[in-house]
Amino acid sequence: MPKLTHFDDAGRAAMVDVSAKDETERVAVARGRVVMAPETLALIQSGSAAKGDVLGVARLAGIMAAKRTSDLIPLCHPLMLSKVTVDLTPALPDAVEIEALVKLKGRTGVEMEALTAVTVAALTVYDMVKAVDRGMRIEGVRLVHKSGGKSGTYEAE
Amino acid sequence: MPKLTHFDDAGRAAMVDVSAKDETERVAVARGRVVMAPETLALIQSGSAAKGDVLGVARLAGIMAAKRTSDLIPLCHPLMLSKVTVDLTPALPDAVEIEALVKLKGRTGVEMEALTAVTVAALTVYDMVKAVDRGMRIEGVRLVHKSGGKSGTYEAE
Amino acid sequence: MPKLTHFDDAGRAAMVDVSAKDETERVAVARGRVVMAPETLALIQSGSAAKGDVLGVARLAGIMAAKRTSDLIPLCHPLMLSKVTVDLTPALPDAVEIEALVKLKGRTGVEMEALTAVTVAALTVYDMVKAVDRGMRIEGVRLVHKSGGKSGTYEAE
Amino acid sequence: MPKLTHFDDAGRAAMVDVSAKDETERVAVARGRVVMAPETLALIQSGSAAKGDVLGVARLAGIMAAKRTSDLIPLCHPLMLSKVTVDLTPALPDAVEIEALVKLKGRTGVEMEALTAVTVAALTVYDMVKAVDRGMRIEGVRLVHKSGGKSGTYEAE
Amino acid sequence: MPKLTHFDDAGRAAMVDVSAKDETERVAVARGRVVMAPETLALIQSGSAAKGDVLGVARLAGIMAAKRTSDLIPLCHPLMLSKVTVDLTPALPDAVEIEALVKLKGRTGVEMEALTAVTVAALTVYDMVKAVDRGMRIEGVRLVHKSGGKSGTYEAE
Amino acid sequence: MPKLTHFDDAGRAAMVDVSAKDETERVAVARGRVVMAPETLALIQSGSAAKGDVLGVARLAGIMAAKRTSDLIPLCHPLMLSKVTVDLTPALPDAVEIEALVKLKGRTGVEMEALTAVTVAALTVYDMVKAVDRGMRIEGVRLVHKSGGKSGTYEAE
């Protein structure tokens, strides 16, 4: 059975040693979506034009959250991210698609940073629209690309 | 068309005034799940017994994240939460179900705190197991119960 | 000579006792501005329409910073703010005017929260435009209104 | 018209890619001042000797804030600062002058860190003295020196 | 055998419900000390006068840390502290004694806040003097007084 | 008399310049213990098996706190830690021994990170057991090993 890297042989959680890893350029891309009523999406889209930029606020929240990842995820290493982008795209009739890209020149991958950016952007969409639609759901949050480091490139789709 | 409460008439984002709201007991329950390969779930379950407590670490991360919600979600009010619980349950054959309950005696609801606890617990599960299964997905994150405050009780399912 | 409230008789800094103060509604309004080259302001204004919303990003940064005030200012009390708004207005030919309003139902004033919101919004404007204008200056950051609490209402202008 | 670097072609905010930049020694110096009533300055000066060290507390707050810059300014990169100094000097008859110097061996400039140190030190002076002088103003916060990196050395005065 | 309050019947950690507790005035006092070489203490004492105020910096660090307690201690409730004082006193020949007092009008005790203030103040003393004395030890950190709340008053010594 | 490195010649606190230091592998190990009633230790040990994992929660709190060190200790540099482990071991009849190891490839030592991990783990043990034993004490927190950097290797015991 494979071993979980975040535990030692006695099963104790640890922040694992990455000092022997190469400092390479690492990229991760994650995606997810917020599913909502079609009228909620229409409201968000009308707002993007003039009456309140839900997607702009969520983008910023996602970017800022990527920088907080090691504060939130107990065994993540603190990292000096070189780049973070978060895109939110209306997907008719009833969803907002979210994609985050994170880049680092460093010793460990940035999947968690990309996934954190996606989920916090999704939570922010939820927060800003919840007064009109409590039934929204965050779905399909997953890693879609990862490159750099010893484990090579991963493509999910 | 309904109005988004987090924007003023000119479409500017704001942290809305809750000072006129009653201080009542407010509860929110959110749920979500991490879907994974059946072998990954088996690994997590074996670990819970002795070799590394993935679910215990994720529970703690979720509780701590609930307290950080107003740092992460731009327009959330800072709150003095009275109670936070996070439960993670293996759901055979291929998922971990997560439920968070948050309670407050205060002037605004705690949905975002419950949803934040669920997503950060889910991200932590992902982090701890990602070395053996990069294809995991976070699915179905939603509010299932909310009570207290003027808008009354909401039950999703 | 008046005494500084943040020090005890021996000159030691302390977070002073506010437990005997009344829980009243407290409001503070602060203002400041970023002075820049006229072309820089033109660039910001063109961006607000379509190519990058400097003022929207700065507004959000100011709101979030208000919530972090007690983390930044050593002797400030942690507070559960009820409302925060930050407005940024182009002031032709060469400035962005910033005004922040903070409201609290609590035992201590919120001047520092309003001033922190203004300065962090100003710093964010600087950050986003610094590549084209390093000579910008933050000027005139001050309290313009304060009400609630024993010391009564203060109006600066 | 010049382009704002913090936005992509569609006007979406992003934390821009610095991974291709050289790792050089970068220095930034920022200045600002708190203008106050002459009696307020006298009070601060008497305190520095024995009864409460306003300037010492503000210096520390400024240094600590420099380390929090990427938490506060949405699109700033997290950085491992190598040096931070903050000096506060009484400027008779009615001001405290503040200067911050920040140094980094890294891929991006540290202007925002120096400016953040100055403004938080200024806010801390305000906080500690506000009970005796609500009319204080923070003025003239600007970058005075910047070196390292592709854009070369900048001297403001 | 008594039950640990931070775990439910299945042994799962939780932030326990305090919403039914009374909002009373709660006080906690904690103490501890940093033991060092006599020459190190002499150095600190000389510095307090003019050459660098170790105890003043440590006092401030302790006060600020009290406000961060719920970020650090996983199951602590976020609290709006009403008062925090930290005193550091040279204890000849070879120690600095630290005492922190924390006060709250609220639903849960503030022991952890007082203990956190003492330990972070102690760590800060260590940090500032470690270049001349690596053998310092933090000793005797304990609660000495607690009042308010259902469990009544506790006096340790 | 030796000079304290965290102050300049005028006695002003500063975050000292480490940019000229070599980037080497640095390790620090710190230890401490929580002394308690024998029945309290028995309770913790029984819990570790099934009814609530005090030591597991404290381990995680210690690891997360190591990452927050530069937020807590005013003049500590922000660092990208490569490894953090925290071990808590029951020491019959009446103590829990704590050891933290921190590793970094960087320009400054990690003693403060190791000491912070030990103290926050100790505080967390206290928090989780305080309802049954208010008389616990944190004792003997000290550096036991340090290597890397110009000052060479230090062994305390």
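Each chain gets a letter, A, B, C, D, E and F, in the order it is written, and its residues are counted from 1.
Keep this in mind: a residue touches a chain if its C-beta (ideal position, glycine included) is under 8 Å from a C-beta of that chain, and two chains touch if they have at least 3 such contacts.
Everything quoted here is computed from the prediction, not taken from an experiment.
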Please give the intersection of the contact partners of chain E with those of chain F. B, D
With residue numbering as the guide, point to the option in A-C, C-E or C-D that repeats E-F in over half of the contact pairs. C-D
Quick check on chain D against chain F: do more than half of the interface residue numbers occur in both copies, making it same, or fewer, making it different? different
Distance between chain D and chain E based on Cα centroids, please, to the nearest Å. 30
Where the centres are mean C-alpha positions, what is the separation of chain A from chain B, in Å? 15
Residues of chain A touching 2+ other chains? 12-13, 53, 56-57, 60, 64, 68, 71, 74-75, 78-80
What topology does the chain touch graph have (line, ring, star, complete, other)? other
Chain pairs that touch, as defined at the top of this document: A-B, A-C, A-D, A-F, B-C, B-E, B-F, C-D, C-E, D-E, D-F, E-F
Please output the residues of chain B touching chain F within their complex, sorted ascending. 53, 56-57, 60, 64
Could you pull out which chain E residues touch chain F in their complex? 1-2, 4-7, 11-13, 32, 42-43, 46-47, 50-54, 57, 60-61, 64-65, 68, 71-76, 111-112, 115-116, 119-120, 122-124, 126-132, 134-143, 146, 154, 156
In the complex, chain A residues that touch chain D: 25, 56, 59-60, 63-64, 66-68, 78-87, 103-105
Mind pulling up the chain D residues that touch chain A in the complex? 8, 12-19, 70-71, 74-75, 77-80, 106-107
